[in-house]
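Should a chain be cited, it is by its letter among A, B, C and D, assigned in written order, with residues numbered from 1 in that chain.
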Amino acid sequence: MIRLRLSLALSYEVNEPDSNFIFNIHAAHTSRQTVVDESLVVNQLVPLTVETDPTTGNRYLRLSAATGPLQIFYTASVDLTHYMAAPEQIAEVPVARLPAQVLGYIYPSRYCQSDRLYRLAMREFGQRQQGYSRVQTIRDWVAQRITYAKNTSDSNSSAIDTLIETAGVCRDFAHLMIALCRASNIPARFTTGINYGVDPAYGPLDFHAYVEVYLAGGWYLFDPSGTAIPMGLVRFGTGRDAADVAFATIFGEVGSSPPVINIEAIAGADGLLVMPQLVHSALSTDG
Amino acid sequence: MIRLRLSLALSYEVNEPDSNFIFNIHAAHTSRQTVVDESLVVNQLVPLTVETDPTTGNRYLRLSAATGPLQIFYTASVDLTHYMAAPEQIAEVPVARLPAQVLGYIYPSRYCQSDRLYRLAMREFGQRQQGYSRVQTIRDWVAQRITYAKNTSDSNSSAIDTLIETAGVCRDFAHLMIALCRASNIPARFTTGINYGVDPAYGPLDFHAYVEVYLAGGWYLFDPSGTAIPMGLVRFGTGRDAADVAFATIFGEVGSSPPVINIEAIAGADGLLVMPQLVHSALSTDG
Amino acid sequence: MIRLRLSLALSYEVNEPDSNFIFNIHAAHTSRQTVVDESLVVNQLVPLTVETDPTTGNRYLRLSAATGPLQIFYTASVDLTHYMAAPEQIAEVPVARLPAQVLGYIYPSRYCQSDRLYRLAMREFGQRQQGYSRVQTIRDWVAQRITYAKNTSDSNSSAIDTLIETAGVCRDFAHLMIALCRASNIPARFTTGINYGVDPAYGPLDFHAYVEVYLAGGWYLFDPSGTAIPMGLVRFGTGRDAADVAFATIFGEVGSSPPVINIEAIAGADGLLVMPQLVHSALSTDG
Amino acid sequence: MIRLRLSLALSYEVNEPDSNFIFNIHAAHTSRQTVVDESLVVNQLVPLTVETDPTTGNRYLRLSAATGPLQIFYTASVDLTHYMAAPEQIAEVPVARLPAQVLGYIYPSRYCQSDRLYRLAMREFGQRQQGYSRVQTIRDWVAQRITYAKNTSDSNSSAIDTLIETAGVCRDFAHLMIALCRASNIPARFTTGINYGVDPAYGPLDFHAYVEVYLAGGWYLFDPSGTAIPMGLVRFGTGRDAADVAFATIFGEVGSSPPVINIEAIAGADGLLVMPQLVHSALSTDG
């Protein structure tokens, strides 16, 4: 069991009365991710709600802010009890046996146009042995071809753009890997959160995007950008792609500053401090 | 109350053993659409399941077919008890009050890239009075600019393509209207089914795509292609866009023939025959 | 006759030896644009050539620079003797009579995908009276729908992107107008230069992109962005679209600063100072 | 010296009076392609012109046809005296020494968006030894990744689409190879014509699209689709991409039938019959 303590501070300047915000900045409740304690402080005295999406478990903070500064502080301690398995024992699930609620994740979405990549996926991955290792091959294919580079992509960039321009940030790596999995008839989804252990060379800590792939009855973690230690990922939201799980969706004229984010490993309930580390095992926190 | 009787026959030639099919050809169960009776006949003696998606109510028929002909016959009698309201009494729901399960329908999707249309939507519809009439304006804007024409679009065509090339079929009209609604922060979804009363000039009866828009607590029907009588629509599936609700998703080498579809109005439980007609009221079968 | 005096200073930091530059920063020689005097100063003592493209009259300065600062100063005095005509007397040239060397300008190009806009152009402009006024209608259509806004487009943006996102800078306005002209079978080309009389609200003077349209045997000036006085345009280059006439094409690792540009009207050979002004006449400096 | 005799028959049904046609179906005059004899027969008695573009040598047949059938028969005997060289002796031309009239062929065009492929080209080909062999590597890269398949692309398909969907016809192979050459700063152009020796498995003989690349002072032939024997190519037109050199550009409502094309090797002026054959030498008919 790993316990991570994270904090994040978001800062906005609201220029239009009653600007609406939908945040996805709460640690998700999953079968293997438990929120031990958390706090939320908002500098404006406005009504706010936190709703949980019954399908995904995403938690959404919603509020309408008045003109002026808006500041959100969130802290949480999160316990991760990863399901770990040997990669060679994790099979793909044939389409015929995919649960109904998973089917949506083999269809194309806004930023993951898997429908255009069937031939490419078939040529590159079609002959590979089915199972976790095939997904790992897809993950490595993306990691090798795409260069991590800021300011080469924007919020409009899709998996196809990334494939063509061969550069991007974590979000772009995730979209391309997802599109290639779906084009191989393997369900894959976009996941956001905070990652422990990121190399400071990547700049100040930011929200992270990674991938969960449905195999052998669970959702397994992959980080195609290679910037995170998968064991150190705290999940906030999961969806089809970035269109579903922006950390903040804003309706109104609002200026923003970069988020300030921290995360550290702390001692768990048993007093032991366990650090996330790179492992060869397959990891899941959901399913 | 309107009772419609529909039948459809699908015919395939399966060239690969264990080809998988996911059909969405069952009339949906909604608060105002009731399936009075139905039958399903499949010429192959294979196991089949019909599952209902808890979120959308879509019903999915799944089966694995053997090599050779595969034929599916479905018939149903469906009662529609439309909620009808005066358009001027139907308000938009402010973003702040949109239910969590509706939020996904304001985000962009594979074929409805609303994120790229905010400025256009703002200029064209931003000054319009909020409510049903604004959505009607969007529907009419699409209907006036797009020409109904077969073979001008394909399964890869999106709302943006339709906006540029100004031609398409019902699916393309629906995608563009949905994208413009979402770009105006109005939830909209893609709906498929069979429509009663289509002009024979459009050719043999086919599956139809139309739009449901979330207003005043319910999903209201719009047919931007202008080919259907909204009161005569029987719903099969609803989703983000065509990526979610193909009437048949096929995994394997399979040849297909055009579907054969019939629909007629019949007398209801009270012995009265009520025909769908064009009305100025707002209509909903869900919500 | 108008005489304009312009100067421009370009400043680079060359980080790779033998970096290659192709500049298109010389005032073009056309039938009605005469370079009275000009000077070119380059801070590096490297061989340089100035070539004139026989087809377009574009003049290209080419050089290979050493590591370190590279600075280019260009000044010129240019006489413009516009051909002016009443718009109602300028007819379109039927395709059958277009000169061979003009034909290329009705075909689509990198940023002007006119092949996808035939239906839209036909619906919007097909019923308009042929001639200068139809082109003016196209120009106004673009000017009204597109908002001038920096940082909404980039070097990858095309006419289609501009049509969808309804915002851009002079280059984007030009691409969209060109695409719509070509989709109407009217030859149009992308022209770059410096414009006199730009409103300081648009920021420091920069290179300008505008449109020349082939009508009645000559190329007529249009400024869809509305930021320039057409009579005050000094032409540098002309081509299919921005892909052909970048003011600087650079091969190598080079940093750059914004150009510093000035232009003023001065007294001509006859001692008279004539200022460019907005006129209703059709204007041409070529043909 | 190879002498090829070709014939082609084009057949249209003109439904609109004064429909305009621009054909590029004459064998080009190049330094090494000589038209020994040719004939053109048009079934309608209408004025026609054949113009030669001074820059490319493309020959354009132009005419306005009356309502009714339009039939064009063209035959020619063409002598090809290929320049042949050992591949290892053919160097690339540094950008700094590219002739002005060649520069346009390193810029992106409608169907060859080389500007988006710089990183990909750098990663795949940047470390290769410069010269003919690098271009051969690009050609082979395309040939290996793209599957020849009809009905997978259309007239709107670009190099980017082909790269993504990994299938197409000769035109698509050519666009992708051209885009990758330009992204590597190697001038490349789109060439059309008739190819001798095509495998009947590809169906009835059709117009062919291939690539010419500028190396060591000349334009060298490449056939990325692998369907032709480069020595058997008779050139009709050359341009930036397919937008420039359609074999027929039609203005008006016109129906068309597939072209009927034949080509055979015949004895030359010296009475010798030389057959085109696959060779390892680099081949050029221009420059």
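Here, a contact is a pair of C-beta atoms (placed from the backbone, for glycine too) under 8 Å apart; a residue touches a chain by one contact, two chains touch by 3 or more.
This is a predicted model, so every value here is computed, not measured.
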{"item": "Set of chains whose contacts include both subunit D and subunit A", "value": "none"}
{"item": "Same or different contact residues where subunit C meets its copy subunit B, judged by the half mark", "value": "same"}
{"item": "Subunit B-subunit D separation of Cα centroids, rounded to whole Å", "value": "46"}
{"item": "Computed distance of Cα centres, subunit C from subunit B, in Å", "value": "48"}
{"item": "Approximate Å spacing (C-alpha centroids) for the pair subunit C, subunit D", "value": "31"}
{"item": "Shared-contact residues (touching 2 or more other chains) in subunit B", "value": "116"}
{"item": "Which chain pairs touch, all of them", "value": "A-B, A-D, B-C, C-D"}
{"item": "For the subunit D and subunit A complex, residues of the former touching the latter", "value": "116-117, 119-120, 123, 145, 147, 160, 163-167"}
{"item": "In the complex, subunit B residues that touch subunit A", "value": "18, 20, 22, 51, 53-55, 60, 62, 64, 94-96, 100-101, 103-104, 107-110, 113, 115-116, 155-156, 185, 240, 243-244, 251"}
